[in-house]
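Shared between the two complexes below is chain A, which has chain B as its partner in the first and chain C in the second.
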Partner chain A sequence: MKRIRVPSQLLAARPRATPACPHRAQQLCLSQRRSQSTSSEAAFEEVEETDLDAAPIDPAELSPRYPPLDPLSKQSARYPSPLPSRSLSSAKLAALHARLYLSERVPLQTLGRALVDSTADHNPQFNNTNLAFLGHTLINYHVSEYLMVRYPRLPMTIMYSAIAAYAGPAALHQVARSWGIEAAAVPGGEVDPGLLQFNASEAPVVPTTFGSRRSEADYLEKYKWRRGINSRVIFDNDFGEVVNTKARESNNGTLQPYGTPETRETAETAYANAVRAIIGSVYAHCGREAVKSFIQAHILSRTLDLSSLFAFRTPTIELAKLCAREEFEKPVARLLSETGRKSRTPVFVVGIYSGKDKLGEGAGPSLDAARTKAAMNSLKAWYLYSPGEDVRVPSDMLVEDAPAWEPAHIDIGEVV
Partner chain B sequence: MEAQLTNLLRRPATAAVRSCGTCTSLVLPNRTSQQVRQKSTVNRHKRALGVPPHPSFLTSPSKPSSGHIIYNPPSSEPNVLHTPFKFLPKSDPRRKANLPALFASVAPPAEKTPLPPMLPFLPGPNKPKIHHLTPDDVSEIRRLRAEDPVTNSVGNLAKKFGCSHLFIQMCTHAPKEHQEAHKARLAAIRARWGPIRAKAREDRARRKQMLLRGEI
Partner chain C sequence: MRRSVNLRQPLRLLSDCSCSSRTASPTTRCISTSSNTATRPRAAEQRPAVRSSGQCRTYAHNPHKLEKKKRWEARNGLVDEYIPETDPALDLPELSIPINIKPPGRVRLAPSPENIDDSTYIPAASGEGLEEVGSVADWWENDKHWAPSMNYVGFSRREKITDAAVLEAMTRRAVVETLAVKHIEGDRALTGTWMTGGREAMLKALAVDVQVSEDGAVSLTGDLQAVVEGLKPAPQAEVQEIEPEVEQLERQEGLETAQETAVQEEDAAVVSDQEAYSDVLPSEDAHQLRKSWGNSWKSVSIEDPTLKFALNKRIQQLTGHIINDAKLITVRNVASYLSVLVKPPPPKKLVELLERKGDLPSLPNVKVYPRRVTPVDKERMVGRWKVIVNELQKRDLPVTGTAGYSKTPEKKWAQAKP
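Right after this comes the complex of A and B.
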């Protein structure tokens, strides 16, 4: 099956038309020659040969490269990313396929395509943009569903940080590194398809499924404006970060030195997008159940200490408000034990009681510090309530003959 | 005099410090002030380091103390992932099961022990919070504070009306000039701090933030 981009057909229909941007026109011509194929290998080869013969070849490209990377390099070096057919002969790609224990149904060509970032190849038929978008949606769905059901009382800010800690670019970058994905120094058609390809001198392309650009986005950085949680829910992306569609200034292919924050961000996003694209391809080829267990095994199985995400401003007041809202008795701090009061390093253990029930306790070097810590621990105990480890999530109902759904606990909201 | 001389010879540094007020022309004996550890002193020091364990850690076979368990290391803070019974929602199976009632027949609850004491500086039953000020009092506080913020300082007003400093600060602001003069005075005081005190203050603020983030 050969799919050709519609814009290139339009260009062919108007041969006299002058392209507005010569760079772009060249890309489109390239896309006419390549074909994204996973099934008919013979037809693909034939098309490749005839097209290459017909197209005018730049003599500079035909001159021998040193060292000769690949027998195909003379032809394939003309493309921004490796041809799909070369994925079959890549040892790295086969090793990655085996290491991730992917199903036979995920072809190597798709896996190779998942490693081509959109900064390396702008053609959406040959880069991983659509697979990464699919994987991004799937990961975020499963992570947020898990957190919602497992920790129903998490405040929204903590929820955002927790989702980012599981599914954010930094976490997925680590996942990609642990999978053994390596990056090519410079992307190109002649490099091994088993290497991740991205262009560090370009702005990263982050898949955005949710949120929109704020009208005041330019001033947020400049004046350090506060973003309230309500506006973050409405305008910002899945991780509560500002959606900034303004592209970074690209310096036209000249390589930036490695190790700047910008190149690091591009690399991190490219690694994360590769993970997302691999998960998207698992979904596309193996289905819902397979991708769910894959995400369970690789994303949700990572350890996250939720209690370390909290930062309070006035914990005692917040706890008093919580007790008033829930109609508990007023919280009272009581001294449980102490040692070395007159020494240089005293320790006080203070418990917070509501009536006769202890809500939490904390130890500190002064009575006030211990009381603050006890109030913080009480609040964390409230916010980190969990119905249990084996609680069912809504997507468990999608399997056949699933038992009847019991409604999950929905909390009335955080303490304001 | 002879006794003083022997004392000087034995403990030269201390004696010099002590007696420098009385005798001004003192010549210290020519000895190295650094202590040299000899073979003869090693045993003594080793013995001094061998601290016997605290009696509460000792168990003698003759007197088996089966009544209590020694926790060594002592118990740590309770885990925040353990939700107190009061915080469980009504729909939670743990609340529905009411485990204390189930186990009451097997292990009856201990006798009612009095609750631990409350913190001394907080309002409690012995020192209840009183809300005795009326809106008229508040407007009076505001008037006085606006009139003469120097005489009617926060402390003076709190003493006069029998309330806390915080309440006065919640009720009223000082005039702008007074605030600025106060800030300038504080800045002058801060400028006089040496590096040690400045660092101590900075560390204190940093410790507070770390405490609120749960890092210490």
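Right after this comes the complex of A and C.
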């Protein structure tokens, strides 16, 4: 079997881009894809057969008493990832397919490929880079539109956090764990195709659909430069994080100790990429509707307490600015009730009123704390406004015979 | 079964030999394994020209045994007086019964020291250290000294037929033959001795059409007479010049080296096996026949005990399968007989059983392995094995096994063992 490497247009680097991961920038850095306007010529490059033939001889395989359990595994061991045909006989893969209730149109081979991370097999025709990219865009699209329509007044930082909480690597890692995806100890062709394969000694590759590398990226961490929200919107990725700050020096050949922050990050990214790739394969084989319901079932159904994401520095001032901007009356704090003023644990309940409208109320051990709390609650009530649970998202219009679109609420933005 | 043989002829010959070599020295004794003309019984000239192998094996009708029995009866007072019969066979100095064995040859002795011309020859003072040449100790253990016709031939087929279609065809043949015998010769003939028959007899029986009417009556259409004739032993009238097997043996012994003999014997064994099993249908033919017959003939009733017994005996003869009585009682028709008869051989491994059942291996999320999944396999499945091999080889340590290193001695010390 010959494997042909095709550097796809998707993966080609932008001409002037600085390679963030120098050792294999051309293959894997998706963040440089956006500026790619012209197609790169498809150069076919054959992987040399010689280095594949020089697979080390396993002394245990020579024993006539224990012939290989899988006759294909010896042939497959010459490649960095299992042969696609081995996916058909993997019990783990079939179990995962059934557990996720995937359609029969999603073949086991694709599911097997979705579990091969780009750190395990650098050939994009046999790893999950492309599928993960597709899944990443789909997840982020559905999560973003859900949050935008459901909570139209969310500030941008909260929006970033919320998207990361639904679609970020940590969340997707948890999803993958809950799906029962297990990881192989070391990637290789002889490994069971039902196991997630990644190489912990290499730097993780995060698919990035948005943002580009800042010119001052190297100094951001060094000097702790502040990143304003506008620059984050322009330069940073979907979760408001800096794109490819630093390339990790990979030391091939030596085993990395387990449990370092680097290996943990690689593992987390690999799990997340597997989930993205599975969602991408659902889209590729079953279409838009199927992937939407799949994302709703597995991603958007997760509970997220948005109110816990907020952190106000000066809530009273912010509330006053908000009332001024919205041409409400000035907010006034009024003591609603109190108990134990002279005691060790007094409780004051303060309400904030704008004219006759109560914006919010809060309780605290002092008048000041209660007022601040009431201001926070008022702001949260404003920012977490929701038109309703059954609000329609733009992708609902893609269904045939969809009712006419009612314009969603668009907020003018947060109080700066 | 150990073969027994009447050693009358060889004994006589041995005594002749000992008489003729009285002058031989006892120091070195040589027994020739090659037969010469002196060992050939003179009765060979008197033998009838035609002799079938079946006649050679009729020891049960030994006249000596009859004589012995009569003598015993006279001694115990069962009969009045013992009068020896004037049987010409007993009076003859040599028996005319040919024996298909090769007896040991004449004993040849080395010349005595006085008769040796070589002046440097010093006779040995004791037997210690002398080479022993030839012996008759294991003579009868050697298959070359027995004719193949002396082998035990059992009633059942030696190797059981396992192919389901062939078994069904053989059952059909047995049913046809049993019903034909019952129809033509009556119930009494069902207990007779039937020949296994060759391929022709089988094809004749399989060509007979069996029809079962609704009331259970069976009608056979075909050449039933030929089928019945095929069960009887072949007529003796065919005159053929058959060389006695002993002579073949002797000639082989005299002319050929041991290696060539072995090769020929193998060939002969293969040929004889092929002849013995030429009556078995090829599996493809049996499948075709099974399709053409359908299932209607299997409703032939075999509730009649005589018929059932004859059928069972015939099937045992043809296929080698013995159905025990407990199962035979439950059999009422041919279909139920087949359900008892046609069974796959018991699986040797669990995986064979599971594959035969088929429910577990057909599940996609279940993997059935043909052998034990070793720790090495488990490491290989998660990809760690290649790392283990690399690290062990880097340190010149054995990958599997201990490479001659003993177990850890500290364990022995801890257990306070010597």
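As a working rule, the second predicted complex is superposed on the first by the 344 of 416 C-alpha atoms of A that agree within 3 Å, B and C clash if a C-alpha of one lies under 4 Å from a C-alpha of the other, contacts with A are read in each partner's own complex, and residues count from 1 in each chain.
Just so it is clear, a contact is a pair of C-beta atoms (placed from the backbone, for glycine too) under 8 Å apart; a residue touches a chain by one contact, two chains touch by 3 or more.
Keep in mind the model is a prediction, meaning the values are calculated, not measured.
Judged by the touch definition given at the top, the superposed model places A:A404 against neither chain B nor chain C.
Touch criterion met: A:A91 reaches chain C, while chain B stays clear of it. Look at A:L384: by the touch rule set out above, it reaches chain B but stays clear of chain C.
Looking at the shared chain after the overlay, A:D192 reaches chain C, while chain B stays out of its contact range. By the touch criterion defined above, A:A311 lies against chain B but remains apart from chain C after alignment on the C-alpha atoms of chain A. In the superposed model, more residues of chain A are touched by B than by the other of chain B and chain C. Once the two complexes are laid over each other on the shared chain, residue contacts for A:A184 go to chain C alone; chain B is not touched. Comparing which residues of chain A touch chain B with which touch chain C, the overlap is empty. Put simply, chain C touches chain A in their complex at residues 364-367, 369-371, 373-374, 376-377, 380-387, 389-390, 399-400.
For chain B in complex with chain A, the touching residues are 77-78, 80-89, 91-93, 115-122, 124, 211-214. Of all the residues in chain A, the ones that touch chain C in their complex are 56, 58-60, 63, 66-67, 69, 73, 77, 89-92, 94-95, 97-98, 184-188, 190-192, 195, 197, 255.
Against chain B, the residues of chain A that register as touching in their complex are 307-308, 310-313, 315, 328, 332-336, 350-351, 353-354, 356-364, 367, 369, 371-373, 376-378, 380-382, 384-388, 409, 411.
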